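Below is one structure. I have some questions about it.
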């Protein structure tokens, strides 16, 4: 069943939700942050946004959840829009081939993180956006509100505080890169900015809409251009090869779309030129990706034939 | 300039060839095999094969060269066609995040190579195809001749002998995986099969045609099905995330197509549902990919807009 | 020439000093701390302390220098005296087999440093001594003054400030171990204590005397016992296997004595039951050990036959 | 209780045997070789050889067992005697800081093994002795027979065959080093020589006597010199820092003597200038050292005070 453009995504979403409902095994929510651990692993929501802003949804698709690393896509785009290719002298764009927090490769490669989606790389991107804007987290929040049209997208102070309380590993990463001269701002300031970004609460609808500029080849909801066509393609490429921690190959294999996941259980994905998706379910697999989320996207590309491959 | 289907690829190829002609810097041919080292780094050929078998070409597109690791795509497909998903219990599909011969990750992951395109993974695939066919290299050669329609595609005994003479590292990999029980055949037999595959000589036209089953969603030139639609998509996904050694992220970023390179200077690439490409130029960058080859594919996707992103 | 106990060490020291004087090549002082970089690489001093407190010396043996990692021996002994074997649940006693700041092994072994003499291990020991005394650096300084009988042994505030200014890597190590629960105190407090210890200025005479408890099987200068006989032997064993960064094997091979070096160019060594030595020359080899210092100790054991082997 | 030279070691050995007899927990014999797996973990023997060839023994001290890696000490000495310091350009003398078969460090250090006692290093030493003698294993066997005075010391063909049948990892190591040009002989020949050496059967009495040249500062049983005084000291240093796999630090800490262990359950140790020891009990700890063997040596140094520290 290959979709034609005149069809609504609604029946597909409903079929997927029904299948997921009957699927046993949902993984476990992230347990290091109380607010995440408390979420019901059987929660499920999914939204598709078309290029014109039409949104289809199923399940808890309007329920806010903790976006966590899903925000790394937007921070990357916001810095790339300002800085251009100079960014790539400070962070690579190769898959990490290691669990997402590993310090090994960072040491081997002299403080240049492999890509913008491992924690070390996201810290570098945030550091650079902070230098360019004076308020990386605020810039990100404003962008998400604008694209989603939802002013209730906001930081979650409790989650940010939990992140900070478990922040030793990110502090280690930041100090380690600073020892190589690859961090501009003071580490405590950087961490505060980073943890606030991670804490942002938004719904599937919000995040599908906020991702749509990547399906529109760089153009924002208001018609202004954030990224060049080439840059938008490049962000999609980085998402496909690096967006799901150490499971990027498996995600490409099963889903076949550029995607970015977060430990809050959300995943955004892009069908270039066609639509964007966001799925949310808090139970994670052992690589940190939402179990039901990956399954739902797998079903979506199978049912619609909308893989990039 | 976005292509429409009625246009010929010929003018695009000619424009690319002209640009490449005027580009300084071609890298250096692989030097560990005399027959490769002797090739002129300024050689260049490129071919595009449409789904119906129409081939366009420019430069030395009919000149045979050493296919080397480009053959790993076909061996993977030939084994996957026979074995199905059981293969994935013996080799992963995640990017390696390390130079292509590294033993580190192999040790860390108990003898299961990260993907079928690093040498360790290709040895496993060859080992399994050997078990299933009794002649992995012969099976591969027959497939390439059939798909290209060119009976002159053949092994190069001199190159295979050179490979064997420098084969200690591959012998180490094979014995190491055997120590984990992940190799079925005797190591010397396996290496002979492996080096013969690598030695195959074919032209850009031959290899573009032989790759076309991946653009046809699994269907061979004669209309028979080698892979299911899902498997073809999966091979494309593995090519995109793992096909160009430790430069897969960069290749996805610049080219945005599933591709597989070899140290002979060849690269094949797939535009699913549309066409396949093969480019050849012997000069390599420090990650083992053809300098002019990557540049030509980069120009191709820019000029035609035929990226998957 | 094997020494008998009735001989003075003075002629041996003078002969060594003369040989060193005529030896070309002294290495380079550590350059990351201005106060260390400014030292003349041709400076040289050496002292031997007998069990009864008699000290022999040659060259600049009364000139204070920056003790740096030599202090790690004393911090280890001071904590071991208070804590006993429980310490070994928080730090190992195996050679690191890696450059002295490496994070790799630390990650591989879940935040437990390999031994007390790599930076990570010394941070753990300082952290534990801090918890037990409320002032690790002060405890160390008092001990060094008592054993050397020299009240002028002191912190060097300028050096401590330089260490702090280049402290990102140690901050990374401390936060990283904290993420595994292996650090008790707040990281900034710990680093302050650590850098002050490293900054201590003392002479060869001071440090030879301060090390003498290890040759006296645990007994301090005033006759009181700091360590049990067994513990003193154990500290000597750790010095021999881990005391000179990634050159412990080479040091054992050439010198054959338990020893501990610092990037200030000092090295202390122990002849159990007989005497202790301290040598100082600021020029370092590429593994961070004093070039003339190792050479002088090598000559000492050759001339006197006082190796443990 | 510190021994004086007039005392016999016999009462000490008997006391140790009695204590070991009543100690629960003996570890498990190596299981990858049937002949080793079949040994009773409660077997125990211990011998002390004085410089003049007097041997004291207790338990099964005349029972032959599989010497395995204990032979690496002798191969090292036999090659060092022929080759001198040039050997150290092909193998290091630093502790490995990794489990004994690891390939990681070998790759990191370009095919130069860290020390002669990890498998990779022992393969290099055997390779070099083979080049210099044409029969490394035969040279070793002759040496052991000469020093022990026991013509029944011999290869064990069954054990050598078992080693060969599980030899993939050593084959991987040898091929890997060959790829760096650090192996001279053909890999199959080298492995045959290596496995035959490992297979040698000898008793505690035999091995204590064969080790005695290291306590006699290089002089063999017949009064001829194998190693210079300096070389003998150096071999002792390498044993102390590298002789017990990844437990060298712990062995130095507990026992405080140069020692070399094997997976057959044997350990030899040296008290320079005084005596040598060999202890045997087949049950191993998780780092491959004999549980009762290490305990017995620990008791020996505690009871006699004969540690080098």
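Order of writing sets the chain letters: A, B, C and D. Residues in each chain are counted from 1.
To be clear about the criterion, a residue touches a chain if its C-beta (ideal position, glycine included) is under 8 Å from a C-beta of that chain, and two chains touch if they have at least 3 such contacts.
For reference, the UniProt names are A, B, C, D = Glutaminase.
Owing to the predicted nature of the structure, the values given are computational and were not obtained by experimental measurement.
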Minimum number of chain-to-chain contact steps, chain B to chain C: 2
Identified repeat of the A-B interface (over half of residue pairs identical), from A-C, B-D or C-D: C-D
Chain whose mean Cα position lies farthest from chain D: A
Averaged-CA centre spacing for the pair chain D and chain B, given as whole angstrom: 48
Chain A-chain D separation of Cα centroids, rounded to whole Å: 55
Computed distance of Cα centres, chain D from chain C, in Å: 32
Multi-partner residues of chain B (each touching 2 or more other chains): none
Contact pairs between chains, per stated definition: A-B, A-C, B-D, C-D
Touching residues on chain C, where the partner in the complex is chain A: 102-104, 107, 166, 168-169, 171-176, 178-179, 187
Touch list for chain A against partner chain B, complex: 92-98, 105, 114-115, 230, 232-234, 236-238, 240-242, 246-250, 252-253, 256, 258, 272, 302, 307-309
